[in-house]
Structure formats: C-alpha cells, structure tokens
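The following pair of complexes shares a single chain, chain A, combined with chain B in the former and chain C in the latter.
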Partner chain A sequence: MSAQFLQYLFAGLTIGAIYALVALGFAIIYNASQVINFAQGEFVMAGGMATVWLANAGWPLPVAIGAAVALAALLGLALEKFAVEPARGAPVVTLIIITIGASILLRGLAMLVWDKNVHALPAFSGDAPIRIGGATVLPQSLWVLGATLVIVVLLAAFFNRTLLGKALLATSHNRLAAQLCGISVRRVLLVAFGLSAALGAVAGILVAPITFTTWDVGVMLGLKGFAAAILGGMGSGAGAVLGGLVLGIAEAMGAGYVSSAYKDVIAFLVILGVLMFLPGGLLGARASERV
Partner chain B sequence: MRGRGLALLALAVLALPLALPNKYAYEVAILIGLNALVCVGLNLLIGYAGQISLGHAGFFGLGAYGSAILAARYGWPTPLSLPAAVAGVALLAWLVGRPVLRLRGHHLAMATLGLGVIVSIVIATEDRVTGGPDGMSVPPLAAFGVALAGETAWYWAVGALLVGTVWLARNFIDSPRGRALRALHGSEIAAEMVGIDSARHKLDAFVLSAALAALAGGLTAHYSGFITPARAAFLHSIELVTMVVFGGMASTFGAVVGAAALTLLPQILTALKEYEMVVFGAVLMLTMIFMPRGLVPTLEKALAAANRRAV
Partner chain C sequence: MAFRLLSMIAAALLAFAAHAQPQPIRIGAFLAVTGPAAFLGDPEQKTLELYVGKLNAAGGLLGRKLELVSYDSAGDAEKARTFAKRLIEQDKVDVIVGGSTTGETMAVVPLAEAAGIPFISLAGAVVIIEPVKKWVFKTPHTDRMACEKVFVDMKARGATRIALISGAGGFDKSMRAECLKVAGKYGIEIAADESYGAADTDMTAQLTKIRGTPGIQAVLNAGFGQGPAIVTRNYKQLGIALPLYQSHGVASKEYVKLSGEAAEGVRLPAAALLVADVLPDNDPQKKVVTGYKREYEARYKSEISTFGGHAYDGLMLAVEAMRRANSTQHEAVRAALESIKGYVGTGGVVNLSPTDHMGLDLSAFRMLEVRKGDWTLVK
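Up next, the complex of A and B:
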C-alpha cells in the first residue's frame, strides 16, 4: 500500500465518519417519522458555530461543546414540537417542505445571532501531525474517528438494550402496533428529533477544526449526510455508517487520483451506480419502498 | 370550472400591467412567469404522477447554458439555439429518466438530486466554455435582426407562453395519458393491472417537465443577459419543488400561484434586510403547517364550503 493511498484513505475515513454521523441523524428521524429532515445540516452548523462562539467568549472547550450539543438538541425538540407535530397527518412531502423552511430559518438566525464570517475552532489536542506508515494524520482526525466509534457503540447499546431505544425501533417498524403496545409515539418522535440534532451537532463540532465553520456550512454537509444515508440504505443504522465511510473514501480517492474539482461528481456517480444495481442501498431492505 | 380557471389566468395576465408601476415591477412579473413555467411542468411530475425530483434546476441550467453557449460561443442564431437546447435536454431526460424512474420515493429523490448536483458542478468547473463560477453573459433573443427587448415586450411574450402552457398542461392532464398518470399516482400496481404502462407514462411526465424547465432556463438566460451556475444548483432545485408544494400539488393553478408567491416574497422581504431569511423560513413553515395541501387547494376548499353555506 503506497503512502499516498494511505494518506487519501485517512482523509476519506475522517470526512466519511462525519458523513456517517450526519447520516445517522437522517436515519433516526426517517425511521421515527418517514420524514427526510432537510434541517439536519443546520444542526451540524449550529453545533460548530455555537461551540466557536462560546469558546471565543472564554468558556472552556469541553463545557462549550456540551452546551452547543444541548442547544442543538433543544432546536431539534423545538422543530418537532412546534413544526412537525402541529402538521401531523399532512402529506410527507409537506413535512419535508416544513423542514426546508426550518433550515432557511435556522440559517437566517445563525447570520443574525452570529455573523457571516468563516470561523475556525482550535483543534482539540494540537496540530502536530502523526506519521503512520508514510502518511501523516492530524490529531483531530483521530478525535473524529474515535468519537464516531464511541457514538456508534453507544447508539447500538441504546437501540438494543434500553426500553426507549427499543420503543424507537418498534415505532419505525410499525407505528400503530407500537402505539397499541403502549408506546407514546409522540414522545418517540421528540426523542428522535432531539437525538438526531445532538448527533448532527457533534459532527459539526468534530469537523469544525478541520474544515472551518460558517452559517451555511450545513447545506453541503446535510446533502452528503442524506446521500450517505441513502447509499447505506435509508433507515439502517449500520448502513448509515457504512454509507458515510464509502462516500468519504470515494470522495477522497476521487480528489486524489482524478480531480479535486470533480470529487463530488465521483461521489454522486458512485451513489447513482449503487442505486441502479442495489436499489435498497448497500445494507437496506431489498424492497425499494416500504409499504 | 376548467375554462373558468384558464380565463381567470388570462385575465390576470392581461390586467396585471395596469398595476405594474415601473420597470422593476415588470421584471418581477416576468420572473414569476418564467418560474411558473417550470412549476407547471414540475407539477405534472410531482403533483400528478407522484414522482419527486430534486434535480430540475439541473435541467433549467442546462437549457440556459445550452442556448447561451450555442449562441455566444458558436454563433448560432438564438431562435435556433433555444429550441436546440430544449430538445437536447429533453433527449437527456429521456435517456437518464429510463433507469432513474425505476426508483421510488426517497431513492428517486436522491438519484435526481445526484444528477442535478453533477450538472451544476460540471457547469461551474468547465470554465473555458461556461465562464465558471462567475457566470457568462448571454446574447439577447433576436430573429431577423429584431431583438426581443424591453420589459413590456418580454412581459407579453412570457405571459402568452404561460397561458398557452397552462392550457396545454390542463389538456394533457385530462387526456388519457394524464389520467394514466393520476392512476399510477394512486396505486402503481392497480394502474398496471388495468394495463397502464407505468414506466412509459412516468417518463412522459419527466421529459415534459425537464423540457419546460430547460425552456424557462433558456428564456431566463436570454432575458437577464447573464447566467451563473447558482441557477443550476441544488438550492434552486429545492426552491422549485417548494414552489410546487407551496402552491398546491396536483393543481396547475397552484403551481402558478406558488411560483408567484415565492418569487414575490423575497422581493418584498428585502426591505427587512438581515431578517429576510428568518421571516421567509417562518412564512414557509407556517403556511405548510396550517395549509398542508398548499395554498390553492386549501383556498378552493374554503371557498366551496363558503358557497355551500351561502346556498
């Protein structure tokens, strides 16, 4: 394995892990409500921007991060409570437009409350690159990969071991049956939006030292997260993670070996190819639509 | 009902100039007409056939750049370059539509989104032909030495085109092919059981909507004399779908009203300066929460209810 290849692989895994976190947010909300949440990218932005803002205000970084994640989770809860719940029973496409409205609103708020400038968050533990097999890795990349791993393990435990996690899964399989078992679907929806928003914020904070953050950083990250979720199979947690990593690696390899201007084209061609031959995504159900 | 709606639209187009105070107002009206053109087509696909597309800005951009490049770089006369661009886009839509339309729901959304993104990146990157991210200037629409210029001339041209397109779209919807589309929206399996070739009919709507988007794109480019890759980008696709849903799906006049409302709103909101995006987002959310079926169907229903009470 050449050092160059290794270098691209690390870059791809890092950004892929971020896409995976965003994709998990899409999957959790989709499972609970069938809604594709176009405001997911704005949670990513809110996490990064709030952390930068609080850190600049003199808060210690860990506290700022905690507060930013909590803020994003509150935004997620508010979105569900004040926008998605009142529109219950509306066609799914209407709900999607509501989330588009929310994303515009949140971008506008970010410009008002913060500013239009590009901000950098200091790396969590220095910028001294680490050499692995001829390639160099930034410590922040290790933070991204480590944190993603921890989150995936925690999420797996949450969905398989806790009552609330199982209630979420049950709702995604059959809403009515879940309701008949005494699961409060309204609470499940709230939890799904809060959890997704928190996940998005974590992704935004982890990536902020590498790619910087600004008021519209969520548009592209949200788009990629959605693409990763579809690539892996919408609604599948493992699929979201795999989709994110594949997308990140495809992008990094494309940028390295073909052309950096066309890296997104390569990523989307990979997705189109997968959709043509595996309509359910890499790990999704084989049926193209759930009935 | 049918004739009345169309007459109402024609009357609105005829009467509107009385209320347009200046050149700027004409400009906005022309933009509304061009956006409405896209939305009427997109509504055939989304509202009637029930197939989502998040990539129609790609077709819009291809129509715009296609005609602009043929005219500016290769010296084609514009009455030739515009139809050529529209035909090229229709052919492209026909080619990619066959495999893509086999997908459903969010997979179709993803695939069309991917196509749109690819188009916009290619346009922004191939700067020797397209001028890159800075955009390119576009020659005016002209035939036999006479250019279509001035806001009034454009207003009447776009207005006539819009009324004609709405008339055609309404006829299409009431034709056997339109009925087939609505049938497969209700249930694809049931539609196929009665002998409807769903793949063919979806492709019909897809190609038609892509061609209309390309036509509107080409006209927008020639009208404004300038085009940037932003018009082909993902956010513009989202904007177009939003117009259709906002106005009311499966309602041709809803598409026109949606285009008008969402073209006008940002123009009005510029007065709010930095609050513009916040208010726009809030208006969009509130409208969809309280009118989940869109403006026109909700108002129609309210009107019908009021009539019943009056009788």
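Up next, the complex of A and C:
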C-alpha cells in the first residue's frame, strides 16, 4: 500500500515539477507585463523538438541542449520584439490574443521545419529504473526534480541579488514608478520573454525522454502550466512551484486512488476549490482593491 | 448566317469528338490528407494516385481511362460530407473510395445511401458495416477482430484474467467497448479497466493500480498515438513481468522506436503487410503485400503503412467489381462487390457477401512479437 503511494507520489512530483517550470515562465512574463503568454507551451515544444533535431543531426547531447535553450530564448525575444512591443499601447487583452496567435504560428512552423511525428530523446543517464521503497523511479525523473530545484534557486538569486532581477520585480510592482526610477521597462520586458522562453525550453527538454515530444506537445503542457500558475497565485514564483507540484500530485493520486477516467476532473476540482476560497491562489497577493 | 452554320458544325464536331473519346471512369475520394489524421490520409492518397496511374498505364478499365477525383477532408466530418456531396452531384463519380476516419465515413454514409452509389470506406470501426448498409463497404479490419485475435492468443498462453488500459481517443474508446463486449465469448475476464487522457504523459499511476489488482495474468493496451509507447515504457519502469499486448493501432515502426527496449516481448495483432518480408513464401498474401510494398516504397521513398494498404484494397475491389459487372452502373457494381470471393488484398483474403460488407476473418490478422527492435511472427 505504501509502495503504491510512493509510486503515485513520484509520478506526481515528476510531472508536477514540469508544470512548475512552465508555470514559472507564465509568472515571469505576467509580472513584467500583466500579459498571460499563451505561447509558453510552444517554448516547451521548441526546446524539446530542437534538441531532438540537433541530437539527430549528430550534435552531442549537452551541446544540443544548450543550443535548443538558446534558440527558444531567441524565439521569446523575437516574440516580444516583433509582436508584443509594436502593440505596447494596446490593452492587455489584445496582447494576450497576440500570444495566442504566436502559439498557432509556432506550432505551424514546427510542423513545417521539423515534422509531424512523435520523437523520443534518449534519457540523460540511462533507462534502468531505480528502486526506492518498493516503488520505481526513472533516473530521468531525478534529473527533472534536480534541475527544477536548481532553477528555482537560481531564479531566486536572480530576482533578489541582481540589478536586472530587481528591475524586473520593481516593474511588476509598479510599472510607472519603475520607469520614473530610470528602469528601461522595454528592456525588462525583453528579458522577461527571453527568460521565460528559456525556462519553457528547459522543461521541454527535461521531459522529452519521459513523455516524448511532438509539434503539439505544448498545448496540454501549456494549459496545465497555466492552471498551476493560477492555482499558486498568478505572478508568484513560489506559488508557481507549489501550484505545479500540487497539480501534479493531485493528478497522480486521483488516477491511482479514485479513477483514471476522472484524473483531470480531480485536478481541476482542486483548482476550483482553491480559487473558491482563495481567489488570489495559494500564495497570491491577498486582493486589496486600491481606489 | 454563315457564321452560325459554321459554329453549329463546329459544335457538332466537338460533341462527336468528345463522344469518340470514351468518358473516363471517375473514382471519387475524400481523405484526411492533412490535419490530425494525416498519417492515415497521406499514404491513402499516395496509394490511390500511384495505382490509378498504374492501371491507366496498363490500358485502363473496360476500355476507359480511370480518373481520380480526390478532396482533402482534413479529418473533419463536416468537410467530408460537403466533399462527398460534391463528388456525387457535381463530379458525378462512379464509385467513392475514401473516408480515412470513422467519423468522416459515418457522416457520408447517409449521402451514399440516398444517392445509391457504391462507397468503400477506409476506416476501422465496426459500426460502418454493422448493421449492413446497402451501399457501404469497408476494407480495414475492425477493432473487434483485434480484440478477438488478442484474446485467442491470451487464452493460448493460459491468461484468462486480464487488465485493460485504454486511451481517450475515438479509436481507443471504440476498441475498449468492443473488447469488453467480446471478452466473455472468449472466456476472458477483464478484472481491471483503466484509462488515460489523450495528452497524458505518465501512466505509472494506472499501471501501479493494475499491478495491485490480484490475479491479473496479462495486460492489453487499447490505444493509438504516443500513449501506448508511454504505457510500454512505464510498464518496463515498474518492472511488471506479465505479458503486454498492444493493439493494431500502433502497428508501426514508430511505436517500436519510441518505446525502445521496453517494447521487447510486446505482442500485437497486425496486418500481413507490416511483416511482408518475414511472411513464409506459401502465405496467400505474400505476393500482394510484397508487390505493394515494393511499388510504394520505390515511388515515395517512405515506409509503407497498413493505411495505404486499405486504400489499395478499396481501389482494387472497386476495379474488380466494375470488371465483373462489365459496367459502371451503380447497382451492377454494388451487386458485383457483394459477389467477390477470395480476393487477396493487403488486409487479408476478402469474401464479401450481402450480409458481410467487409469480408475479413481473424486470419487477416497476424500476431506479432517485438524482438530485438523488429517484428517477428508468433508461431
């Protein structure tokens, strides 16, 4: 029984960590611009697909990964530069619709540039499962968890210790005041898009050996990541991580103990319940309406 | 006046010329060449083009050329219906070969029935031919046959208490329902019945639950797409030692590639076409499947799939029926189709009759096992 529980927990933690990374990407862009970037899932896809593509072209895996993350970051920068920035005066809703358009464009491009097939990336360190207390974990799951942890620590340091990170935070708190202090809001936006695209790509690469990757893998992962971000509290970094893990574990436990047919129902019920009582999300700002 | 006379003569001459050149026989098709079901429609379209070309090069049919009129329905039932209407009313085709998915096919069935035009579907589900519809035929095996084939093999290995895990797609759901329906007939008890979503990325929870169900002797995954590959990998990860069966829905090299080593020992029912090279020489289908494989791969430089084979069978059945009827008159062709016996196609040996519009039996399926990353025939 406890071995079973452990197995569900591992499954939930692994996928939860990925949701968390995607949710962090949502949070960063939301903070900088109040925009919910619905192309976030496509960055996840681009990371995974580019790595597979480069690895198949004979590049060593670490180099391919680095290049794929860089490519995704470039995509993020391009999205900001050529689609979001020209419309900067437009209402937030318009910007969100622009990101939806971008996501459709990116999926279409992926189909043309790469292909419509499903690809598997070789696991970073083998496929031999590791036994822990009667449950089994793939080495790749440990990679996912470890990398997520490292990224969260790095992000925390970035936001609290570097000038650029603080500028990002300042912009999220009050855009006008930040601008008046001499922070280039435009640059902050650019950084936010690049950073969250890179994050998404890392998530896409980490899961590619477990869940495979294909041109439309970003749709569902993006949606789940968005749900995780809302659950944790939109804009909160710690909330994004917590939201991702809670969502992942709720799904796995739901599938294991209740019914696999209602797995998604259970996950979304958890979200509904949380939002009913904590409209700001688990760790979101307690709403205080300013007049 | 002279001009009018001249033009009348010209028109008469033109009409005569058009008459002297017999009208081509028009084969209508609507296929999901793009969209989510493109992996079905694309090889089907290529196969039809290839073989209509070859038939014409060999002199056509009944002294007339064949002409393929094909539309891309993109897997959309609504579009399929529109295109089928156009095929019947504007293009006035003689027979329809098409419908990559069950949804598209079922949307067109009422049109074909009302217009009274022979319609050979390329989609899988059993509802297409059951109950029998006067004008509708189909070439692929049904999911029910896949269940039966798997159950027969399970019994032979002494497994009667099994677990079923299936996806949320149309194919998956339909096969699950058929398996549940026929399990009793084969003395199989389905003790666990789990499912996963279309975009799910981890099935260890479901499989752990199956492992925890007492007395399970084998597991069947009714699935399509990448889900079964994930199931296979998770299965290996959890170290479940029971025999794992997949469906004909993943009978492609892609599944083996995605699953990697975890696919070793997995069994699945599939058409003879997939194992054309390892079929014994005395197999009745050997000649047809190796011939089709050679032609297709030489022309398109890509691997064959069973789906293209369904289109080949559909076209060849239509041609055979017209040849037998010695006309393209709809009722005559329909009656000729029903009289076809012992036609050897890529999908199996077809014996059509007024009560069976598919004409395949379990021998159409071969039980395959993955060994060293390739298919081998069981037994």
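Simple rule for what comes next: the second predicted complex is superposed on the first by the 286 of 291 C-alpha atoms of A that agree within 3 Å, B and C clash if a C-alpha of one lies under 4 Å from a C-alpha of the other, contacts with A are read in each partner's own complex, and residues count from 1 in each chain.
Quick note on the criterion: contacts are C-beta pairs under 8 Å (C-beta built on N, C-alpha and C of every residue); 3 or more make two chains touch, one makes a residue touch a chain.
As the structure is a computational prediction, the values presented were derived from the model and not from experiment.
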Which of chain B and chain C A:7 touches, first, second, both or neither: second
Pick one for A:265: touches chain B only (first), chain C only (second), both, or neither. first
Check the residue A:108 against both partner chains and state whether it touches chain B (first), chain C (second), both, or neither. first
Classify the contacts of A:219 with the two partner chains as first (chain B alone), second (chain C alone), both, or neither. both
Should A:142 be classified as contacting the first partner (chain B), the second (chain C), both, or neither? neither
Examine A:276 and indicate which partner it touches, taking first as chain B and second as chain C; both and neither are also allowed. first
For A:117, decide between first (touching chain B), second (touching chain C), both and neither. second
Figure out whether A:15 sits in contact with chain B (first) or chain C (second), or with both, or with neither. second
Thinking of the overlay built on chain A, is A:252 touched by chain B (first), by chain C (second), by both, or by neither? second
Contact residues common to both interfaces of chain A (with chain B and with chain C): 219, 261, 264
Per the touch rule above, chain B residues touching chain A in the complex are 46, 52, 99, 102-107, 109-111, 113-115, 117-118, 121-122, 125, 234-235, 238, 241-242, 245-246, 249, 274-285, 288-289, 292-294
For chain C, which residues count as touching chain A in their complex? 38-39, 194-197, 199-202, 204-206, 208-209, 212, 225-226, 229-230, 233, 236-239, 254, 257-258, 260-262
Residue numbers on chain A that touch chain B, as the complex places them: 30, 36, 38, 83, 86-87, 89-91, 93-94, 97-98, 100-109, 111-112, 219, 223, 226-227, 230, 234, 261-262, 264-265, 268-269, 271-272, 275-276, 279, 281, 288-289
For the chain A and chain C complex, residues of the former touching the latter: 4, 7-8, 10-12, 14-15, 116-120, 127, 129, 136, 138, 207, 210-212, 214, 217, 219-221, 251-253, 255-256, 260-261, 263-264
